[in-house]
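Look for chain A in each of the two complexes below; its partner is chain B in the first and chain C in the second.
After this line comes the complex of A and B, so read on.
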């Protein structure tokens, strides 16, 4: 039947077949690579782990059950614990809020100097980008641990660590937002003799502000998690309370703190998606 | 036209309402008040009290330099100990111990002077000489004369020539400290004399103090492994090289690289597992695939819960079940990101173009094939780019989970910081982490750009799509 087809159709048919073959070879190779990675990873994990996965899996619900049983035995006064740990939660949120504010400010300045459409010098842009890369790549924990050793246990090292990380992470997103703004308003401002600062104020910031705010709100959510984690290593706040209560096996207190944390994060998640929607709605 | 005329003529566009003006003023005032409260409550102003530049510069020095200790007890002046970083396990055999038959191994900066004293030469051209009953410092910058330190009758150290002491010598009742710069330090106590001599660089990085390959250096050792006689007759040079490198007692390369591998696998397997779980679940949570509202709502709430319970809390729960180790990290990452990826992907599925699916339907394909060829090709680039993005951020997360107790490089780092002395190891591990994170970042950015064109476009697309919902 093939011979009855015109020559160009046979060519297309053959091309299609060879393409399909290459494609299936590629999919086969990637699936094989995936399986190899998973298998070798499981071997690494199995040798590195204290308990084998088959021993641990059935014990998965032990801890949650322990926690609930413990807090059930604690009785009706459990809800008072929520009030007891509220100040710690507020101090953690305070840490996150302050460092987000400062980090955003720093990120804004960094991003201006690392945007190609605002800075003519390529070296300046490159240097500021590398600075942001390094700030971003260090996990907050590493900076915080070193600073905690140097400055002693307080909230300050955590705040500094989060500021550094936020400046790097947001700076990159901000500079991408700046580089994607519409050129026309900037050129229009330039044509009527506006200075560099005025161009940024009325040409760039006005365009990029909704995106800036969106990213900042997302960061705030991330930073609440980060400041909780840094509490574990000595920065205070609700993280430290969680750590001590877990160590002392106070189930009711642990559950209360977890409840506070999870409800804060979920509330913030909804709030930030609401803000985001209204902001982007404004933009378009 | 003056201001009042403008307001009168254009009353419809000029805002003069008191409340709308005050709103922004109150906002700014509120921010300022908050910042003041935050600065006070977080003790920001106390930073100068806690920050001691001397201590910090010592730590910083320790990250890129190493030091040798020379210790002499006044009671046993013949038994001078020269050691690397003051460790008992890495002592040089000094020139004064030559007769003991030990291998002759002493640093070239020590020598025996004409009166039998031990001379220690410093980079600044000066010497510290350890005699049986005194310590002298000669030829140091800013001082022409030789300074002599002795013990008085009560056993307290004192300086013989007290006139015009340089500023960098601090004399207290029980101790004389000589520290002209960060790189040299002589401390005279009533019991002993301790000399610290700093050098730039990471010493014994490739092979540790006692390694048979140490005298060769790394390049010679590598060339030895391809040719030349066996250093250790029982083992080939190449295996010896690998073995000595990995079992380095000072840098613990084997342990640290294994921990790094564990951390990478935690992030990799966690993200993969999340992708494998989240991708199919996302289909069941999307309204254009699953008609049952009940199933969709349950899955949506499940995603929210998984995401809302932070990976910190998940890792605590898994830590109890699996003990310290990579499984804890893998499952904590996998569970949290199943929620995140599931939510994002179900939104992406709902935002797909219907026409492609209708096109497939018109050929008579069944529902499964419609989804396979109508939806998956549209969302696959977003899915892969999101997964890669989470892989990169999970690498950082795995370090943190590790320090919480799951093991890996995070725990090693925590341990090294808590010892408070091995800052060079802290630096080494930080650089390794930095390298891995930057590598992951660049790779995932490259793949993402290849898949969806511009990266920012992808991020904005995502946000715009989120907003639609």
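After this line comes the complex of A and C, so read on.
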């Protein structure tokens, strides 16, 4: 069969063969490397642990039992605790809402300048991608701790921390969405002499908007959890209340706050998956 | 009027357009034929400034349009409307907005971004749509239309640009026979009524012979034929198409040369 092919085709055929061979060697090597890394990591972890997991396990259940016993003893007025902590919950949700909105806005600008199909200059794309990487690589908690030290205890450091992280994380997803849009409509607009901004407004945003919104809603969910956790380190809201009450061993209050948090997050899960489905068009 | 001089475009070592020179002295309907990869699309894309040429020049009324930048370049793109094989409409926008966006160069960024269109623009767009029998789809999303309908909308958008010439890159390659015929006829009408040059890449010989006053044949980036259709002999055409000759000559594929019988059936 090969002998009947013209010379240039034989060359291509041989190239293909050697390419496939290298590819399978590489994938085999990377799988082997992965297994080795995981295995050595397990050995290191085992030798590094101070105590075996079995010693701590029985104690693990003591605290939850205390919590429920405490709440039971508190009596029927427990319901009022829910109302008492509602304002804190709302302030946490507000923090998440505001920082998601601002972060999304920032993410949008970052993502445009880090999408290769919109920006011709490779350096610009590279710089903006690194900016997003840096924003994303610091967890909210780390940024917030630094800012709390600098700005003092308030909601502001937490909000800034979440905005920075959201801008980086969403920006990355947004730019992926932008790079996946069909380039034909953009080209169509370009051929009419439309400006760069008009091309983005109609060629890109109309196509990527459903994905943008989906990611944003998902991020809002994550940010509610983040702003709760940041309350632990002094950013206010329901997280701070939870932390204080755990410290003081107010079992009833702790349970009330946990109840509020869990139900909010479950409600939001349902709500956001409903939004997302109606955006994609699964629901009419 | 239009003078293309020693136009070259290299993609690495590959010469997509090789030393192309031709002139258009009066409004003509020109078909560019050739097999896939002959450089037809690249040539049109260079003329519209979607792709930059490696070297050479294109003079339109004495001005080298390849040296234009930014605003001037976009003003030229407005003057030289382009129609694509894949229609290139904005899928999630309604038909009317798609058509009005043909004016985005004149409207300015702010006005078109906010969709602040004038009544005149809406009227013009509707009239253009009505001319091609598409007025009743004006408020539908472009993505809900069939291929043939989308191409007609794309022609309306091109007309909204009030162009001085029209470039059509394989305008009928993804259409069914009936729509292919509609599209070619409307291009022909535009050429006749507005007295502007239409330069169309056509894959099939028959279409080019039926609708064009002049045929340019391209092979491996070079112009190998440039004359009236009647002078295109079969052996020359065979050479232009190379291995794709059978397909290009096949009358059932050429789609636009329907007998009346078939036409009635399709309608």
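As a convention for this text, the second predicted complex is superposed on the first by the 229 of 284 C-alpha atoms of A that agree within 3 Å, B and C clash if a C-alpha of one lies under 4 Å from a C-alpha of the other, contacts with A are read in each partner's own complex, and residues count from 1 in each chain.
Going forward, a contact is a pair of C-beta atoms (placed from the backbone, for glycine too) under 8 Å apart; a residue touches a chain by one contact, two chains touch by 3 or more.
All values reported here derive from a predicted model rather than from experimental measurement.
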Once the shared chain is lined up, is A:78 touching chain B (first), chain C (second), both, or neither of them?
neither
Under the stated touch criterion, which partner chain does A:182 make contact with: chain B (first), chain C (second), both, or neither?
second
Which partner chains sit in contact with A:68 here, chain B, chain C, both or neither? Use first/second/both/neither.
neither
Just checking: does A:202 make contact with chain B only, chain C only, both, or neither of them? Give me first, second, both or neither.
second
Between chain B and chain C, pick out the one touching the greater number of residues of chain A.
B
Give one of first, second, both or neither to describe whether A:275 is in contact with chain B, with chain C, with both, or with none.
neither
Is A:266 contacted by the first partner chain B, the second partner chain C, both or neither?
first
Now for A:34: first (chain B), second (chain C), both, or neither, which partner does it touch?
first
Complex interface listing, chain B residues touching chain A:
31, 34-35, 38-39, 41-44, 46-47, 50-51, 55-56, 59, 258, 261-262, 265-266, 268-269, 272, 304, 307-310, 312-313, 316-318, 320-328, 330, 396, 399-400, 403-404, 407-408, 410, 413-414, 417, 420, 426, 430, 433-434, 437-438, 441, 455-456, 459-460, 463-464, 466-467, 469
Going by the contact rule at the top, pick out the chain A residues touching chain C in the complex.
182, 184-185, 187-195, 197-198, 201-203, 206-207, 209
Spell out the part of chain C that touches chain A in their complex, as residue ranges.
48, 50, 73-78, 81-82, 84, 86-93, 101-105, 109, 112-113, 154, 157, 161
Can you check the complex and tell me which residues of chain A touch chain B?
34, 37-38, 40-42, 44-45, 48-51, 53, 56-57, 59-60, 62-64, 66, 91, 94-95, 97-98, 101, 133-134, 137-142, 145-146, 149-152, 154-156, 159, 173, 176-177, 179-180, 211, 214, 225, 228-229, 232-233, 246, 258, 261-262, 265-266, 269, 273, 276-277, 280-281, 284
